[in-house]
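Per-chain residue numbering starts at 1, and chain names A, B, C and D are given in the order in which the chains are listed.
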Amino acid sequence: MSTGFFGDIKPVAYEGPDSDNPLAFRHYNPDEMVLGKRLEDHLRFAVCYWHNFVWPGNDPFGGQTFERPWFGETMEKAKLKADVAFEMFKILGVPFFTFHDHDVRPEGASYAESVARLDEMADYIARKMEDGGPKLLWGTANLFSNRRYMAGAATNPDPDVFAYAAATVKACMDVTKRLDGQNYVLWGGREGYETLLNTDMGRELDQLGRFLCMVVDYKHKIGFKGTILVEPKPQEPTKHQYDYDVATVYGFLKRYGLEGEVKMNIEQGHAILAGHSFEHELALAATLGILGSIDMNRNDYQSGWDTDQFPNNVPEVALAYYHVLQAGGFTTGGTNFDAKLRRQSLDPEDLIAAHVGGMDVCARGLKAAARMIEDKALSAPLEARYAGWKDAEAQAMLRGERTLEEIAARVAREGIDPQPRSGQQEKLENVVNRYV
Amino acid sequence: MSTGFFGDIKPVAYEGPDSDNPLAFRHYNPDEMVLGKRLEDHLRFAVCYWHNFVWPGNDPFGGQTFERPWFGETMEKAKLKADVAFEMFKILGVPFFTFHDHDVRPEGASYAESVARLDEMADYIARKMEDGGPKLLWGTANLFSNRRYMAGAATNPDPDVFAYAAATVKACMDVTKRLDGQNYVLWGGREGYETLLNTDMGRELDQLGRFLCMVVDYKHKIGFKGTILVEPKPQEPTKHQYDYDVATVYGFLKRYGLEGEVKMNIEQGHAILAGHSFEHELALAATLGILGSIDMNRNDYQSGWDTDQFPNNVPEVALAYYHVLQAGGFTTGGTNFDAKLRRQSLDPEDLIAAHVGGMDVCARGLKAAARMIEDKALSAPLEARYAGWKDAEAQAMLRGERTLEEIAARVAREGIDPQPRSGQQEKLENVVNRYV
Amino acid sequence: MSTGFFGDIKPVAYEGPDSDNPLAFRHYNPDEMVLGKRLEDHLRFAVCYWHNFVWPGNDPFGGQTFERPWFGETMEKAKLKADVAFEMFKILGVPFFTFHDHDVRPEGASYAESVARLDEMADYIARKMEDGGPKLLWGTANLFSNRRYMAGAATNPDPDVFAYAAATVKACMDVTKRLDGQNYVLWGGREGYETLLNTDMGRELDQLGRFLCMVVDYKHKIGFKGTILVEPKPQEPTKHQYDYDVATVYGFLKRYGLEGEVKMNIEQGHAILAGHSFEHELALAATLGILGSIDMNRNDYQSGWDTDQFPNNVPEVALAYYHVLQAGGFTTGGTNFDAKLRRQSLDPEDLIAAHVGGMDVCARGLKAAARMIEDKALSAPLEARYAGWKDAEAQAMLRGERTLEEIAARVAREGIDPQPRSGQQEKLENVVNRYV
Amino acid sequence: MSTGFFGDIKPVAYEGPDSDNPLAFRHYNPDEMVLGKRLEDHLRFAVCYWHNFVWPGNDPFGGQTFERPWFGETMEKAKLKADVAFEMFKILGVPFFTFHDHDVRPEGASYAESVARLDEMADYIARKMEDGGPKLLWGTANLFSNRRYMAGAATNPDPDVFAYAAATVKACMDVTKRLDGQNYVLWGGREGYETLLNTDMGRELDQLGRFLCMVVDYKHKIGFKGTILVEPKPQEPTKHQYDYDVATVYGFLKRYGLEGEVKMNIEQGHAILAGHSFEHELALAATLGILGSIDMNRNDYQSGWDTDQFPNNVPEVALAYYHVLQAGGFTTGGTNFDAKLRRQSLDPEDLIAAHVGGMDVCARGLKAAARMIEDKALSAPLEARYAGWKDAEAQAMLRGERTLEEIAARVAREGIDPQPRSGQQEKLENVVNRYV
């Protein structure tokens, strides 16, 4: 029985590019074959719980704007929230969803009560999943909202907080496994510092390394087959976040011997806030062998905080999916909309329209990327640009078979005087514009 | 015989805090004992060649403003430049200097000629060093100004450029060793990309890894006792620089097995442009065991490019030296002024005054930091904040002797409910203000 | 009778620079004479209500951290809050305080009830003020927190919101006058737009102009003798705020004929977020004749949102007060601490210590600025730099007595070829460092 | 006779969206009718001299990369440069070009010689214009490159520099009139300050005000019919530029009574660097009645300096032209490509391809904007959003016929309690995505 929240909004259908129905897909046809695979299986869309059903619309200068019947800290409200959530998943026809423990259950008066409530809600959700609902792309624990975590979860100066966080993750991993989650995500919202004056970075990094090792060990212990993902983010909420960007997390994983066990969940907005393009973070993770999943959204380039807007710029999204496809596409990962309505978008229909627009933008982007790949539009010129490295002497240098002295002698002897060649950036940008 | 460039400016003397002589030290007394060591031996000041003697005062919208008698691309001018440089080093009484190959010799028509000129100038400089001049803190090769490097040096798509760069570094390492340099620095000015559309990041990183391995091998081969330093920098001149920040370079070193061989030369301005505080980069490098040397300057926080101003904010500089001292102080490293006059500061006296001011600011900062250390002003509260980790169970968690399950069981059993404690940031900031 | 909130903390006393009492002033001696005036009368410190007594410690990723006995939406709690506030004002010995309507009274069920509650609290506060409490530096209305203002107050597409906001300001101005406020402030928290797609900027600016005209009219109507102040701020909370910075607001005032009626309340953090230094905004406002008051705080230069930290960098604060003093000092304005504790600073003592540190930093800064003025340390070189403009022909150009043609003819005739002179920036920076 | 620089590149033709010819237009068909006007007459494209023919490819860390046969400071080279420039204008088929005095003639040894050279080159260029070349969109004087301007042109502390600058502008205005320029532009590259320590902002603003008044007077004197345009820019090259953004310049114009005489030349990159979107600056200028012309380019959002890239993001460009069209389109203004090749784009063909791509992006953008206007896709919902203001009482408030008291009385009396309505931002973003 419907909650009625979405009124008479019907499941969103694909109507093609000429449709002007604001609640129809114009580009996302799940069954369309792209590079030999269904579009749905490429994009693996997930809708998140937190922005859609938990966030009240507040910002640093204003309070709640959304008035939702399920707001409130009771199990009854939690179930109503789940009912509405699964109604929305169904309207959108997405194959996945994502959640934090904190999103689906009210906090209990004790750790044990919180876990019990989580278990009860997991049962409730499991029944909805069985009843034709989407699968779980990933679960995660909220280790940042509660005041106990204000000075860190794994990196807290108080070992009891570390323990509480560890216990909480254990419970969330259990639930994620039970719901057959494809991945388990850690985002270190409070793993960082506000001021070095009261922080011992060396200690805290070691705490964080230990924490992550325990998570990996537990994954193997319980036979969880999903991927452990870390989500990089710079600066916010703390002055410095330890998981700043992909390169930083990679160094961290290497330091603690985890680079074979953990992959990245990369968010567009977090990439931007770290001073990188989204495609940079994706390409780097692919290069380092740690590309896992993406949090799709959009950050205002001119706002220095996490704006989590819905994606709407096709040319940018196309370049992101280009790197995902070049890396072989998603395996356990997918496209999670970590995006929220603007706080003035009050209506239930806004929730649907925002996702419809975002899904269409992603579909257009991925299809453009696929065509570039089919045409070798970018890869052929790339191959040509580096062709000189196929040369035997070049290969010898690269394999470590030449020393500085040998190379210097050859440069002097042969009078090597390399002449630069055009990088053709504008031409390549024009090429991309033929596809988007 | 003097070149006369500095007129009748006398060697700068320490006159104490009450002096109003603009060309006297008010805080930098080289022989003052701080934490059991002479101030000069703590700070290990170096003056750089490039900003002072090479840069013509241009900016993106304007040409040369400085008119220096040594400007010009002849060996005669190069020697005049060296004469003036060593006059300035003497006036300032600094114990070290730094240079790129490109700073001290005009580019030759071929690699061989460039090396021959470098060797000739090295001889010329060596005589000046023997004649009471400062020592060489570090040498380095300019692998970014010439158009041949426009698409990278080690990371160029053309292996001939890689070879040319390798040969150039070989020559510079030779000269650095000959001049008894304390370190050899690599700054990857062109090691990055302008656009991913024409870039294969995986290839380029492997090229860069190979290059650095060859440098380390050559160091050992020739018995160079100094430290190999990499200088991180984000964004400028390319859209993305591979050596973005300390964390990024650390991951890179780990990937290519170089973390025991290479340390960091950390610049204030580069830290800022990467979104970090200077003290963050220093503390992180210390934590990771790769703190080498510093490039002291100041970046305008509101200008998104390298402004390379002289340091002038004592409270900020004090925090930087606090982390240097906490890490044990400099060994082969030192304080290199990678700072330039504003392009309107035309007079020879400006060159002297700028360094005098910068040296005084550093001296004030380091002395304040030393007093904080002596008083345990910050370290005592820090120790107290993490005291809970001395507990046996906490230690067991940290040593990896507890699993998530065991911890979860304990949290549930003992009803652990950690209560947050004040982080006291403002009080600690007030403490620092007592010292600066 | 004391609420007991601050335990046994005594009124803060001046103990001089050698004191290591964390709750004593080391630099702020209210009675010290500076440039012929008491330090207290120069600085005119005010403590704000909102950050200290209203903000729960939340941030975009976390909830309440502070647990205060007065949190809650009843009149009883509001009175307890006022009791504690005035206890803190007394401990700090500040001459002024500031508040929004929303800070001192719970929102009523209707406009009329909200006004009645405000009036009741105004009576309550008035008695505390008479009883030796501080004066009111300024009052203001909160036109941004409530969801009714989500799309603007004066600039709302709904004229009923405009009316509600106007009515609210009327009530706050009445109370400000009753409490003998020295100024009335308007900060346009929601006067801006999230997206131009749904915004008619021309309409909204006209609405805002009309609103401000009505405020000025009402001031005269009721005989309020204080100054009407607008507080510029860029970007946050909306994508674009109409009162971006001093220059923008000046243009706005000119457009609506209000430049003689309204002055600026300038905040350090807002200046920074607009890409300006604090001293720029102060100097510009002074130049334009609209410098009114300041909101003293500190924004992290590397965080793109309002961090509202307590000031702690004396060299920077000294330059700010230099421009205030050069402009003649405050008349109705003062130094309001629009600064908040870090959310981890949980203890009552943190509230006191933060203000003590901030007041000391301001006192050090202002005294350094005063000494620079007495010594003409900056003004004498400035005068010399522009001395050429005293020339008769230069004056004629400036007065508009020369045309382009006449000037061109003179340049050609006299072969004018101006030679640049050193701007001496580093020397001047060194001069400042002698004073701070 | 052709210089041969562009080899066998033919004039670029429109071949339609399916063409894969990299040197054909796919979207820019000059004769296509859009909103009742030829596309060429809407866009009014201009190619600039400086980036294409003067800039050597240097950046702050590297020297010249372009090797052009016309580089050199002789009149012969200047004429060769003009020959090539007009060949490129012809290949591209643009209706306009733009230049600085400094772009077209080598600097003379005196003011008189510089003017004589400018006059000679103006004759040379005039003949090319008569010979089927494009018209002049605007001329301007370079008052920033020469060291004489390092401390400002109009705002220099030395009145002789002011005079020299004034004389130079006079000569450039003469030439612009002679060549029938549609506008005359002033960009205050050095009108700002590096440090307030040596700057008297009040004096300098008055100097600048006087300078601009003289320019306006001279325009009328000589009967120049074009528009005087000021180009806003923040931060670069100086710490603070007086012409920061549209709002700042508007206030400046109002202060000196010039708002009826001067309009804006708005650049995308400058808007971005000021913290605004391009469309914000355009919409604001339109609202204030000072929208003149645009400098089309693209700034990397993550690089804090002027990157001047060719536009390539159609959705963004469409929103810019939407505001141009809403304001009635260009009159004397146009679309000037103030964009430069990346320094690695060495080939003549890159120059052509970059402009072709840029022109196509603009054409797509403008056509999408025009369709949105025809469909009232954005304007109809906008009208509906503000419909409440048509109400009589609302109009009375807006016209100034109601006081705060009257409004407050009505709010209380009628129990006005406005309820927020959805701003529908995501839906509107989806609407735009139907058109781009």
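Just so it is clear, a residue touches a chain if its C-beta (ideal position, glycine included) is under 8 Å from a C-beta of that chain, and two chains touch if they have at least 3 such contacts.
Keep in mind the model is a prediction, meaning the values are calculated, not measured.
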Spell out the chains that contact chain A while also contacting chain D. B, C
Go through B-C and A-C and name the pair with more C-beta contacts between its chains. B-C
Calculate how many whole Å lie between the centre of chain A and the centre of chain C, each centre taken as the average of the chain's C-alpha atoms. 40
Rounded Å distance between chain A and chain B, as computed from the means of their C-alpha atoms: 35
Hey, what residues on chain B touch two or more of the other chains? 65, 147, 150-151, 194-195, 235, 239, 275-277, 302, 342, 344, 420-421, 423-425, 429, 431-432
In their shared complex, chain C is touched by residues of chain B numbered 20, 22, 26, 65, 272, 275-277, 301-302, 310, 312-316, 341-342, 344-347, 349-350, 353-354, 356-357, 360-361, 420-427, 429-434, 436
Residues of chain B that touch chain D when the two form their complex: 57, 59-65, 144-147, 149-151, 189-190, 194-195, 235-237, 239, 300, 302-306, 342-344
Spell out the residues on chain C that touch chain D in their complex, using ranges where they run on. 110-112, 115, 147-148, 150-151, 156-164, 166-167, 169-171, 173, 194-203, 205-207, 210, 213-215, 217-218, 221, 234-235, 239-240, 244-245, 247-248, 250-252, 254-255, 274-277, 279-280, 283-284, 286-288, 319, 323, 378, 381-382, 385-386, 388-389, 391, 393-394, 397-398, 400, 402-405, 407-408, 410-412, 415-421, 423-425, 428-429, 431-432
